[in-house]
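Some structures are shown below for you to check.
Look for chain A in each of the two complexes below; its partner is chain B in the first and chain C in the second.
Coming up: the complex of A and B.
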């Protein structure tokens, strides 16, 4: 299962790459979605490997998915509002135009 | 378990494509593909509930993203912007942290004494209440942000 853990870490780093390097708000939201997926898969793989407490890990994974969905839907709507206000998804441009 | 590793690798590839393509609609479709592989991974792990939760989550998220793109713009005009040195530093720091996490924390996980939670008493169907509360709260938040009445003029 070590390979699965490493793959989850790589997926998380890809998500961080999207959040840190990309300037487009939609890409940042996609990066956060990838991070949520990696955490959920990690929890499921832990439950699968340990055997004991599998239901516990599945419950936490499900809560992670649903909580991530709620957060991302709010982020998408906030991105739309920012676009209506500033006319761009570019976070550096939004930072420059604030106030 | 080779199959699960291939599926997880496909999630990484689809996610990377979603971040790198110029057209945002293609990015969203790549994210949907990543979600599909995520659901397959859940079923391979034997977690049917999480798989169904993933179907629901991506069934809401992808149309919401497509709707957002329909209301705004379709292309990522910042795709050619080179990352700043501090961005690369943050990325490398995150990578180092993840490697340290794998090497130090994960060996300790096996030593934890985890016990399964007690079975839920009461009528069946109440166990989805917490997810329903989260979804309704998210819907209320979305409505509060996009409503026109009661918002100050901008």
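Coming up: the complex of A and C.
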């Protein structure tokens, strides 16, 4: 079980790193995707460790993946539209809002 | 078993489906069905005030397999949220009829709006954490799209920022849920309270508590996590801004926080301190940031953070009076902040600008907007007899009673600074001399005026009738939070 926690923590931290440090919109989206997957893995493995037939963890894991997919597609659409408007994927140049 | 809770979900989803089907053949179906649905929701929630006050609760189970079924419950706190959501959404949908003409694809806007309302209602109704999460996800997805609805530079930028922060928040909530379920073996809120009552705080529970605090804090935009809020709330179309600032951050963020930290975990002195400190920091820092803003909607967005600080400060005191003050301020803030956003939007619609320095003297040309905005400004600054005064007074009295003199001083100071920044707003938009170029500005269309007058009347009415409102509407919610009811 500890190994699963460690793997999930590593995935999550790599995802956070991508979101916080990277300047490219697509890399930020990949970071978010890694975080979603790490939480899904956590849920599924917790359900596996429980071993009970309730299936609640598996259900939530599936919902997470579906929800993550929805968010991801919306983010990619937004990123494409941002590229059309600003001509770049670099977040440090997409800064009209400030203050 | 009562079918009533289900109606709060079915009505908005059905309206969304009907609009999505009909709008190609009937252009105005969006205007009509959205308003009818919101009116029905408001009537339904107001009709429930009496039974809830008498101590009844309503519940509905959709599928009866214990952990997997969907359980909806209406208690005092849920009803408080549902009624607040309904009145703000009714005002916003009335306002949208004329305001959203500037955007293309108005029917799609209505579909997203109704889905967002459905998501918020699911959050308010859900009796277990899974429903809470699903509601948050539905409402948040619709909300990201609504913030980006203008598909111009600023809209997309604000929406992207919000999507990133919102998703991280959702994931924190979800991991918190996973650890909680691993420890306690249930996700039903009432069961969880029973299971965790005797237990101490194991490391895993502590970790899940921290994750919940971070997740809901991100959703409610408390101070270290507030960066997305001013962008998203100021760039979204105005009716959406009103819903976002008025109810969305409360239902998606604060309501979950209340359920987790009061109804599931017991409130301990440590949690109480954390909540109060976060509230006080948000209250004071956000109001200082708001003072420096020259964009009317951005100024209001910063005030949302600050006023949410008041709510959290009141709740964090954790005495019955403090919780009462916090929940009362939550309702009041929804009303006057929604109204302020609608006023700022109607000024923007008629003049085409939100910059305070370019405006002035509009009281002569837009009397309804000017008057309602004055009422809302007086409410938020805490002038008697308007509603904001009473809730701030209750919070300050509760803080003094509980011995937190420092927090009471912070709350009073925040109120003075709020007044200063609303003096600025009023002075630059509605008072002073009317510039040459705004001589021909007209009052906003009738339906927009109706929605603003509705909210202004609610602000004044609650201020005048506050003993009855507290007794009939807020007290059942306090009982639900304190687990005294039912």
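The criterion applied here is as follows: the second predicted complex is superposed on the first by the 93 of 99 C-alpha atoms of A that agree within 3 Å, B and C clash if a C-alpha of one lies under 4 Å from a C-alpha of the other, contacts with A are read in each partner's own complex, and residues count from 1 in each chain.
Note that a residue touches a chain if its C-beta (ideal position, glycine included) is under 8 Å from a C-beta of that chain, and two chains touch if they have at least 3 such contacts.
Note that the coordinates shown come from a computational prediction; the quantities given were computed from them, not determined experimentally.
J.: Under the stated touch criterion, name the partner, chain B or chain C, that contacts more residues in chain A.
T.: B
J.: Taking the superposition on A as described, I'd like to know which of chain B and chain C A:86 touches: first, second, both or neither.
T.: In the superposed model, A:86 contacts chain C only, not chain B.
J.: So, A:32: does it touch chain B (first), chain C (second), both, or neither?
T.: A:32 sits against chain C, while chain B stays out of touch.
J.: Applying the touch criterion given at the start, work out whether A:97 contacts chain B, chain C, both or neither, answering first, second, both or neither.
T.: Touch status of A:97: second partner only.
J.: Touch test for A:14: chain B only (first), chain C only (second), both, or neither?
T.: In the superposition, A:14 touches chain B alone.
J.: First (chain B), second (chain C), both or neither: which does A:3 touch?
T.: A:3: touches chain B, not chain C.
J.: Contact-wise, after the overlay, does A:23 reach chain B, chain C, both or neither (first, second, both, neither)?
T.: first
J.: Report for A:75: first if it touches chain B alone, second if chain C alone, otherwise both or neither.
T.: After superposing on A, A:75 lies in contact with chain C but is clear of chain B.
J.: Considering only the contact definition stated at the top, list the common interface residues of chain A for chain B and chain C.
T.: Common interface on chain A, chain B vs chain C: 16, 46, 50, 54-56, 59, 63, 67-68, 70-71, 74, 78-79, 81, 85.
J.: Hey, which residues of chain A end up touching chain B in the complex?
T.: Chain A residues touching chain B: 1, 3-18, 20-24, 26-27, 29-31, 33-34, 37, 40-41, 44-48, 50, 52-56, 58-59, 61-63, 65-74, 76-81, 83, 85, 88-90, 92.
J.: In the complex, go through chain A and note every residue touching chain C.
T.: 16, 19, 25, 28, 32, 35-36, 39, 42-43, 46, 50, 54-57, 59-60, 63-64, 67-68, 70-71, 74-75, 78-79, 81-82, 85-86, 94-97, 99
J.: Which residues of chain B touch chain A in the complex?
T.: 1, 4-5, 8-9, 11-12, 15-16, 18-19, 24, 27-28, 31, 34-35, 38, 41-42, 45-47, 49-50, 53-54, 56-57, 60-61, 64-65, 68-69, 71-73, 76-79, 81, 83, 87-88, 90-91, 94-95, 98-99, 101-102, 106, 109-110, 114-117, 130-131, 134-135, 137-139, 141-142, 145-146, 154
J.: Which residues of chain C touch chain A once you look at their complex with the stated criterion?
T.: 67-68, 130, 133-134, 137, 141, 144-145, 148, 151-154, 156-160, 163-164, 167-168, 170-171, 174-175, 177-178, 181-182, 187, 230-231, 234-235, 292-293, 295, 298
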